[in-house]
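Heads up, the next two complexes both have chain A, just with different partners, chain B and then chain C.
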Partner chain A sequence: MNLISHEFLLLFLPFTFAAYYWFTKTPRQKTFFLLVVSYLFYSLAGLKFVPVLFGLSLATYALAKWNKFGWGVLINLAALILFKYWNFGVENLNLIFSAFGAKMNLLNFGLPLGLSFFIFKHIGYLLDVQQKRCAPAADFWTFAAFSAYFPQISAGPISGYKDTAGQFDALPNKLSGERLYAGLIFLSMGMAKKSLIANSIGLLLAGKFNSIEGFSGFFPAWYLVIAYTAQLYFDFSGYTDMALGVSMLFGVSLPPNFNNPYLATDPAGFWNRWHISLSTWFRNYLFNPLSRGFLKSWGSPKREQAQYAANLITMSLIGLWHGAGWGYILWGAYHGLLLNFHAWWKRLNRPLPVYIGRPILLFSVVLGWALFMSPNFAYLNHLFLQLFGFGGLGSLDALKALSLESATPALIFGLALAFSGFSEAAALTDESNGRRVWQMALWGALAILSLLFLQKNIQFLYVQF
Partner chain B sequence: MNELIEKLASYISKDILKQPSRVIQPDEAIISSGLIDSFSLVDLGLFIEDNFGVRIDDTELNKETFDTLEQLASLIQSRQ
Partner chain C sequence: MKSKIGFFLAAYVSLFAYAIYFWVEYARKLQSLSFNEFTTTFQRYALLGSLLVFALALWEHKRAGTPHPISADAGSKTWTAVVICLLSATLALSIYVNPHARISAHRFPFVTPSARSIKLDLYQKLNSSPDLAVFGSSRAFTISPAYIQKKLGYKTFNLSVESGKMEDAQTFLNLLLASPSAPHPSVILLELSASDLIRTISVDDGLLPISLVPYMSYSMKARTITSTMRDFWGMQSLSDSVYILANSVLGPSAPRTWSFEQDGVGVRAPTDTKTYNEEMKRVSNYVTIELSCARINKQSAAFLEEIVATAENAHIGMVIYSSPVNNWLYDEAMKRDAEGVSHCKKVLRSYMSSLAASHPNVFFKNLSYYPPVSNMKERGFYDGIHLKPRASELVVDALSSELIAAYQWSQER
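Up next is the complex of A and B:
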């Protein structure tokens, strides 16, 4: 099952929503209902990995209960390595040892839906219980509902046990008008972002731009990376808006993931606005303890080196989290270097005005996406040569063809929206503005339009991570 | 309270920002404004731990827990 599908939007969601408020009355019943519906949702994406989700939830719950936190983290990381990174490691080892005739076999398990997301929820829970930031789950079913909670299982946002499961104890029996309104706005906005903007751009990028032979020249290359910059944001923030909106309809608030990231003026600001739940997770559970350790062992005189090391390690691992590939690791390390450069610049005490800081940051972020989107070194090499003008400017015919693509108006509209500051659903649900009928009609019309334009078998980009 | 705020302000301007002449107002936003970054927050957390015997958890080093020196000083006092 996929949030952005006719099956989910027209059948699964309306039926489960009606049944939830019709048949369940107490928070306990509602939590159990959410658990059953979440496993149904997960099963509809494929039965194969249901035991993995259930087994890891059970192991995490039990090991936290028995104070075996280290084992819990280890088992979750082992599953992540086995399913996500094993083949990447084996391929690289085979490259090294092929000269000696040694070769290891690849595994063909496939990647369980949402693995990186629910494993990070599990590890966060284990560390929070260990550090006494939250009490262990009262019972397995509540923890299992948190672990598999269907609006966030595919691609987050990653939330803490205390924040999300804490709401299960007080699930409302009736949905308030405010929540229904906000939930539907989030849902409509997410659908429109994905269906009308991200998919329109994505269709073009999945075509000729997907291969080295498909494009050449400065202008087509910049069109490609700018289009990808817009596609990734509208795809992932569209997904997040939908996940938050669906969850609101069931009475649970999930944490926000975006806050106009392309309006940031420095790298630190960008990571406070992009994939907020992931950067918060890494900051809480890796960057802060790592920085603390470096500062204690290296001392204050080496605080700059400590900061550079902590930034580089954390960002490289954020890159690796996205996928088993050198492109992702390079992208992460590149952002670590950007953060280090920013920290160094800040120490010079020469603040840049917004009109200089923002374009520099945008240029850096777009170059980063070029690393992120490249499937291999040959593609990356070709793309960077074109971006820096080593492949000419691009043929006039190619530019004409691009201007006539249906993706171009979607891209222009998307960029205008992203830079206007009105691309976040949270900004549209401010109750102080009231709930105007024309706004509701507009969002309803957008939702219908999004459904009409929705293609079959499409997926969110971040679901693959 | 004022002495506590002064000590915190002095540590931030001298040791973290390396700008001894920088005056930080008690109600000035230090995190949401970008004045101090995530690493400096950890540094500040360690300073508080060593000097005031109060531990600020890694998950509390954010603008939601405190954003001004006044708020931070209140947090420290409430835990002393």
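Up next is the complex of A and C:
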């Protein structure tokens, strides 16, 4: 099931919400209820992978209990490799084996929904317990509810056990007016970003336009990558706002994932604002130990090299986390290089003014998305040739046809919003200006308009990662 | 505050500028709003309006100071009230106009195929159960119950539907058997093409009327409910409803290709040679798919066998036939893939023979290339596959002995 679907918004959410406050009274009952509806939500996406989720949750819980943290991490990573990266590895090995006439078979399991997200929650939990940053889960059911918690199972945000499951012990019997109010704004804002902006652009990008034969010339190519940039951001931040809003309705706060990323002025700032929960996870559990390790073995004089190496490895793995493909790894490594270049520049102590830093960053990030969005080398080659003007400027007819697409007004509006400073729902819950009736009436109307535009259902892009 | 004003200025100016641009470049140039052009125009302006609401909602948050602040509770209640009102209004419009024939209301013409809904209504109005029911796709629309009654004496009802799939056959069989105590037809005449056995058995979700839910399988029920929900609260339904209402006020809309008489037979206005040629060109793209097949799909076969077994248990004879295709279409397929066509014939014959061998209620005749009909070309076809009434009569003639045998088998039980 998809968070932005009629089934979820008109059936699953209202019924579970009503039942949650109607039938459950104590935090314990509420946690158990969340566990049941989370597994129901997961099974509606397909029963096939329910045992995978349950099995990994049980193994993680048990191994943490028995202080076998290494085994816990290993089992989770093994599942991640098996389901997500095995075929990628085999395909690459087969390129070598083919020279010797040998061939390994591919596996045909499919990818469990939200695998990368819940496995990262498990690994984070194991490492936190090992390093005594949090106490082990008191019982399996609480841990299982944390692991499968339905608002975040499909695409995060990746939260820590202490932060999320910690709230399960104090789930309110009655939802406060403030939280309900904030939850509804998050939900409406997320729906509008996904349905009105991301999907309107996505309909164009899902068609022939986004293919080697579909576009040629400088302007169409830049339209394409900018449109993808906007789609990805509004799609994922829309999903996150919805997940946060839905979770608030059940009395649980989840960490934010975005903070106006296109207002950043340098690569480090961008990664502090984009997919925050993932970059925080990698910083805590990979970058910090890695840079400490390099520093220890290489010594203080090589402090800079340690940072560069840790950046490059961490970012390449962030790329790989997104999917099993060289394009993702290249995109990650490219961001590693951007971070290293920025670290080097910073050491020169020659700060750039915002009006120079931001355009340079935006140009670099958009080029990065060109790498990210390319399904193969032929497409990537074509796209870059067009982006750098080797295919001419593009025909006027093609541009006019693009301008008449519904993606164009959505893109213009989206770009204005992305640079406005309040494109995240979190920015709207500051009520220093006071609440007005019209404010909530407009959000209610917007939620329904977004629902009406959901006909051609375009999945959240990050669900596939 | 500077950036906030910048955003609202950019948002309002760009939305209004785009609305004018779209009007000048697209909507203004339209001579008359055809269905597709109306949809594009309506939905584009609806999107612009929605984005404007988005900008206004943000503006309400950022506007400094307020004369009448409200509590969080009152805010949530306002949100809920607006949502319920708009959901109800949209639902009421979708139900009242019923543009996609989801329910059994016929106040206005439908914009999508609607035979399922119409025929269910007609069938439920019958005073007594027919002896024979015709199932299948639009290729069987013109199989005339009146002709069958005249020729064979069986009271007949035509339950064929557009884009008919095997799921339809199962649903309509359940409809026939809905009341175990009441008599039900003795024979089902099922039109089945090779593609039914090699491709999907599933009906397009957009064509499932909610009125048929009681007769559907569980998975079909779930699909119907979710697709109806998407439809009722969807922009397409809203835009189609407005189109229908506007047409009913401004003038009658263009007649639909098919209309149906009381006995379910389809009636279509005569086509001229130009339309016929255009239709032939359109179908030329799928000629090979239509007539060639590598193997029978196991899932489709299992589904058909389930239908056949249910009919057998209810003592209903089944005559399964492949409807003739226009000779032109057949020749095209032979030119493209003669081996495939002949292989498909063999596969179909072999499968249907084995089905008939294991189920005594099944009688099969492959008429996909039936010269007396196929050679009629424009005299017998509206296009490559849809038969004119005279051609359908010849099909009934060709199936007479099977229909009689099936009827006798049923009576002997």
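The working rule: the second predicted complex is superposed on the first by the 463 of 465 C-alpha atoms of A that agree within 3 Å, B and C clash if a C-alpha of one lies under 4 Å from a C-alpha of the other, contacts with A are read in each partner's own complex, and residues count from 1 in each chain.
Simple rule for what comes next: a contact is a pair of C-beta atoms (placed from the backbone, for glycine too) under 8 Å apart; a residue touches a chain by one contact, two chains touch by 3 or more.
This one's a predicted model, so the numbers in the text were calculated from it and none came from an experiment.
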Item to complete: With everything superposed onto chain A, say whether chain B and chain C fit together or clash.
Response: fit
Item to complete: In the overlay, answer first, second, both or neither for which of chain B and chain C A:Val36 touches.
Response: neither
Discussion item. Is A:Gln131 touching anything from chain B or chain C once the two structures are fitted on A? First, second, both or neither.
Written reply: first
Worksheet entry | Partner with the higher number of touched chain A residues, chain C or chain B | C
Worksheet item: So after the superposition, what angle do chain B and chain C open up at chain A's Cα centre, nearest 10 degrees?
Response: 170
Item to complete: Give one of first, second, both or neither to describe whether A:Met104 is in contact with chain B, with chain C, with both, or with none.
Response: neither
Practice prompt. Tell me which partner A:Leu454 touches in the superposition: chain B (first), chain C (second), both or neither.
Written response: second
Worksheet item: Taking the superposition as given, does A:Ala410 touch the first partner, chain B, the second, chain C, both, or neither?
Response: second
Item to complete: Considering only the touch criterion stated at the top, classify A:Ser420 as touching first (chain B), second (chain C), both, or neither.
Response: second
Discussion item. Tell me the contact category for A:Asn284 with respect to chain B and chain C: first, second, both or neither.
Written reply: first
Item to complete: Report the closest approach of chain B and chain C over their C-alpha atoms in the superposed model, as a whole number of Å.
Response: 20
Discussion item. If we count contacts the way the header does, which residues on chain A are in touch with chain C in the complex?
Written reply: 6-7, 10-11, 176-178, 180-181, 184, 188, 192, 196, 200, 400, 403-404, 406, 408-410, 412-413, 416-417, 419-422, 428, 433-455, 457
Item to complete: Show which residues of chain C lie in contact with chain A when the two form their complex.
Response: 3-4, 6-7, 10-11, 14-15, 18, 21-22, 25-26, 43-44, 46-51, 53-58, 60-66, 68-76, 78-83, 86-87, 90, 226, 229-230, 233-236, 238
Fill in: chain A partner contacts - residues on chain B that touch it in the complex
15, 17-19, 34, 37-39, 41-43, 45-46, 57-59, 61-62
Response to the item:
The residues of chain A that touch chain B in their complex are 128, 131, 133, 266, 268-269, 280, 283-285, 287-289, 291-292, 295-296, 300, 303, 306-307, 310-311, 343, 346-347, 349
